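Chain nomenclature is as follows: A, B, C and D, assigned in order of appearance, with residue numbering initiated at 1 for each chain independently.
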Amino acid sequence: MRLTLLNVIVAVVLAIAFAALNAAYLVWAERRGAARIQRRPGPNINGPFGLLQPPLDGIKLMAKQLTIPGGADKIMFITAPVLAMFPAIMSFVTIPFSDTIVAKNMSVGVLMIFAFASMGSMSLLFAGWSSRNKYSMMSSVRAVSQAVAYEIPMLITTITVVMIAGSTDLMEIVHQQSRSILHWNIFPLLGNSHNLLMPFSFLIFFICTLAETNRAPFDLGEAESELVAGFHTEYGSMGFGLFFMGEYANIVIGSCMTTILFLGGWSCPFGLFPGVWWFILKLYLLIATFIWIRWTFPRTTIYGLLNLSWKILIPLSLFNLLFTAGLIKVF
Amino acid sequence: MVAYFTEIFTGLMSLFIGMGITFKEFFKPTVTVSYPYETLTMSARYRGHIELVENEEGNSQCVVCGLCEKACPSDCITLAGEKPEGGKKKVLTKYMLDFTKCSLCGSCVESCSFGAITFSKEYNLASTKKEDFYFDLLKRLEERNT
Amino acid sequence: MNSPILLQPDETFILNVGPQHPATHGVLRVKMEMNGEYIVNAETVIGYIHRMHEKMGELKTYPQFLMNLSRMDYLGALGYSHGHVLLVEKASGIVVPERAEYIRAIMVELNRIASHLFWFGAFVMDLGGFSPLMYALQDREHILDMLEAVTGSRLTYCYFRFGGLYNDVDDDFITAARQFIPRMRKSMKKYHKLVTGNIIFRKRLEGIAPLSKEMCRKYGASSAVARGSGINFDVRKNEPYSVYPEFDFDVPVYHECDSLARYMVRMDEIEQSLRIVEQGLDKLPGGPIMPDKKPKLIKPPVGDYYQAVETARGSFGIRLVSDGGKNPYRLKLRSPTYSNMHLFDEACRGMMIMDALAFMGSLDLVIPEIDR
Amino acid sequence: MIYEKIKTTLSSLFPDPVPVPPEEESAGDDQEKKVKSPPPPRQDGLLEREYSVHGYHLDAQISPAQLIAAVTMLDDAEFFIESITGVDWIKDNQLEVVYDFSRYDFDLCRVVIRTRIDRQSPVVPTITSIYPGANWHERETHDFFGIKFDGHPNLIPLLLPEDADFHPLLKDFKA
């Protein structure tokens, strides 16, 4: 694929549009889903099924005044929300939705996405630090220790997959899994993974995605019953809006990665109608699970969270890595 | 080591059980009433603010004994009456309820031995003005009759 | 989890939790001296919604004060009214018909279930789980509907009268209550599966905020706070009043002393209250709900009277000093959460803030009841 | 029986009991008898009360100086503190501080300790060193009656606003 200027512009616009639309309508989906779980109707007044709610909320947020608390670090305070949204959008560039729908495939796609993902915690740190609010400050400290703790098992699990695929190219990883459902990386023995522990890898990766995106039950950064609203306590208007959209964009990225690494990307489980649909289906099923989990569980504690990572996830994922390496060597 | 793995396993199972419950709830019908669009009828004993009871002629049954005024813990009730010329009983001329102070305890209704006041079923009582809650019950009675 | 190494007296900062904070469920303020996430020292500041009920008690006549009691604790209002009417009846020698006492006990227990359900939901919400609150509110709604159909109000009931009740229960109520019991038992199973068994929930509460028996005694704690610390103390059993001796029920006691124990006590209490309601409906005698002979004006003889009752929040005591007039000379309300909350300052030292707030939730606070 | 035990312990505070005819005590229910000449304020001493009428068993009126000793006795007998409050006996020109104690076990015994002080200089010793839970109760009593608890670590308004200089439960308080 030749990179032309038009190509780039279209890709960027599409990525932003996709991220923004997703963020807006995932809020709607989350509210509807939560409502159904709690046996209420949820937003249902504005438009059919309340579908006009997200644009109206957006207009409301944009119409509000952006206040900066006195004594706050102005530059950092303004940068933080942008930084929350920007890496998420950038990551979309390299995600392959299907054989043809990809803005720019890179041979180091995995690396690029992780590089951008780790920028996300920076925005939390910036926001918490610059707000000049003790709650925000505590929240950002938590967010950083959380990010450090969960990037390790996440990366180790990714390395396991990369080892099986023998490539860091996302396209290549999907192609390897596309022969049949049994070749998906999540399934052990028959396909390419040969590894009984792959379902656990999937679980570890999924848990890490939850933690990386600061979703319940790991939403310690914004633990509303303790830290009021955490790092975005002092943000109003679109500053808050960007954080909110960034969170959902990150969920989409995380789910995309899970789909690509473990669920065979756009490949169809039964060989029928291959195409982007399958990717979208898997993606939204994962996102629905995110929402489902959030409205089921209470929040963990910060030390429970770190214990989970350092005592359970990291040893297990390391063991998994060694085991897989051994299996690859043997077979 | 065994304990370590059993804890992980039981922990995971407990999470799946929880998710199973919310999954089941997801498909159950909603239980809420979307309030301004649909409303419930209040139960027979519902206590709204008080109201005067009318007799056959459409007048109040009140004999202006003032017991409700005395029974009220918060001094919400002010009433006045006068004897009409030739009449034997006092007739109510003013019955004001200061609903801002009323706590709906029902002491006034209980104290009335003539059945002249009762609870209304009104509960949509939002307003931005305090004056809206000084009810002239006699006027409300007349309005009801016309 | 409580590492004393981290607690250096310097390098601390003050964190103002409240008066408007999501975890305090009302206007309660805790000034916490923090070292990172650890609490070095805490000072609870109360009184933001103090209304001086005790002075109102002196200024109003006995019947006029009836409705104040339900304003103390808006979640378990009937328990407080029960204490007040029992006290005045005892002081002025009014004999209550048996039916009225039974109905009172049923109502109080239903109210206790409603209160515990709300606490359950709010407590899990404190820990970050939102859906259990909604499920708990659905069950609570059934109770409120039943109580509304009988008493006329949903939250701040004014139902008990000196000598009896405001009005009798009807068959609809009895059918509704009978239907409610099995439904509630089914819901309890759901809650235990969804919340009690949940590993995240257990990890957050197990071993958190241990309160020793001695500490409970020094602060005068009651309700689940005492019973979760292995103290078998329930005024309904220890100091039987009303018709409670007629009922067969257990007092759940847990010896773990942690937040989970307090949670378990309250959950078990819901089941015990269901048993009481069930037995009450079975045994409900006929007859009047008000005594035949009742003094027109309530004027307890000169003296000093005390009555304790077990409300949803613990041992509620009410002291009346009468000078023989139609107003009380002095009316003291001993609210249980006042003593329970007092523990917090000492107990939360060295805890992490999230554990401390979970602990605060496990105390079952209702701020108007503390502030009176 | 804890009741007998605590009765003997508490009566040790009153080496020479005031000769009070017991019948009159139970009939008149102390303090005030309507009209006539107001009876003198109650003398210090230990009274047994009818539980079914009054709701408590023992009623000890002591002097402020004996307070610590009496409360220590109750602490040793594993009583918990129920509440502390005051009563304004304006006719006697006295303030009364009432301490309620009870026990956690089934051997029921409610003890009321009361002490009377002069209305002009209301000072009693604090019992926070024995019962830390008395802290808020004493602060509350200080708020409402202006009774000073000598030695209290933090005697600032608790329920009233922090700048409150009035004591609403005094009988001569006018809002």
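As a convention for this text, contacts are C-beta pairs under 8 Å (C-beta built on N, C-alpha and C of every residue); 3 or more make two chains touch, one makes a residue touch a chain.
Here the structure is a predicted model, which means the values were calculated and not measured.
J.: Can you identify the chain nearest the overall CA centroid, using each chain's own CA centroid?
T.: C
J.: Farthest from subunit B by Cα centre, which chain is it? Let me know.
T.: When every chain centre is compared against subunit B, the largest gap points to A.
J.: Using the average of all C-alpha atoms in each chain as its centre, how far is it in Å between subunit B and subunit C?
T.: Their C-alpha centroids are separated by 25 Å.
J.: CA centre of subunit A versus CA centre of subunit D: separation in Å?
T.: Between these chains, centre-to-centre, one finds 64 Å.
J.: Measuring centre to centre with CA averages, how many angstrom lie between subunit A and subunit C?
T.: Using C-alpha averages as centres, the distance is 43 Å.
J.: Give the residues of subunit A touching no fewer than two other chains, as numbers and ranges.
T.: Expected reply: 37-40, 295-297.
J.: Which residues does subunit C have that touch at least 2 chains other than itself?
T.: Only 131, 135, 138, 194-195, 198, 200 qualify.
J.: Could you list the positions in subunit B whose residues touch two or more of the other chains?
T.: 12, 15, 18, 21-22, 25, 31
J.: With chains as vertices and touches as edges, which is it: line, ring, star, complete or other?
T.: Per interface graph, the chains form some other shape.
J.: So which chains actually touch one another? I want all the pairs, not just one.
T.: Final set of chain pairs in contact is A-B, A-C, B-C, C-D.
J.: What residues of subunit B sit close enough to touch subunit A in their complex?
T.: Touch list, subunit B to subunit A: 8, 12, 15, 18-19, 21-23, 25-26, 28-32, 34.
J.: What does subunit C use to touch subunit D in their complex?
T.: Subunit C reaches subunit D through residues 46-47, 50, 52, 54-55, 58, 87, 90-91, 216-221, 226, 231-233, 237-239, 301-308, 315, 317, 319, 321, 323-324, 329-330, 332, 334, 338-339, 342-343, 346, 371-372.
J.: So in the complex, the part of subunit A that touches subunit C is made up of which residues?
T.: My answer: residues 34, 37-40, 134-135, 138, 141-142, 216-217, 219, 223-226, 228, 295-304.
J.: Sort out for me which residues of subunit A touch subunit B in the complex.
T.: Residue list for subunit A touching subunit B: 33, 35-41, 44, 203, 292-293, 295-297, 312.
J.: Within their complex, state which residues of subunit C touch subunit A.
T.: For subunit C paired with subunit A, touching residues are 1, 13, 15, 21-23, 34, 36-37, 124-131, 134-135, 138, 194-195, 198, 200-201, 203-204, 352-355, 357.
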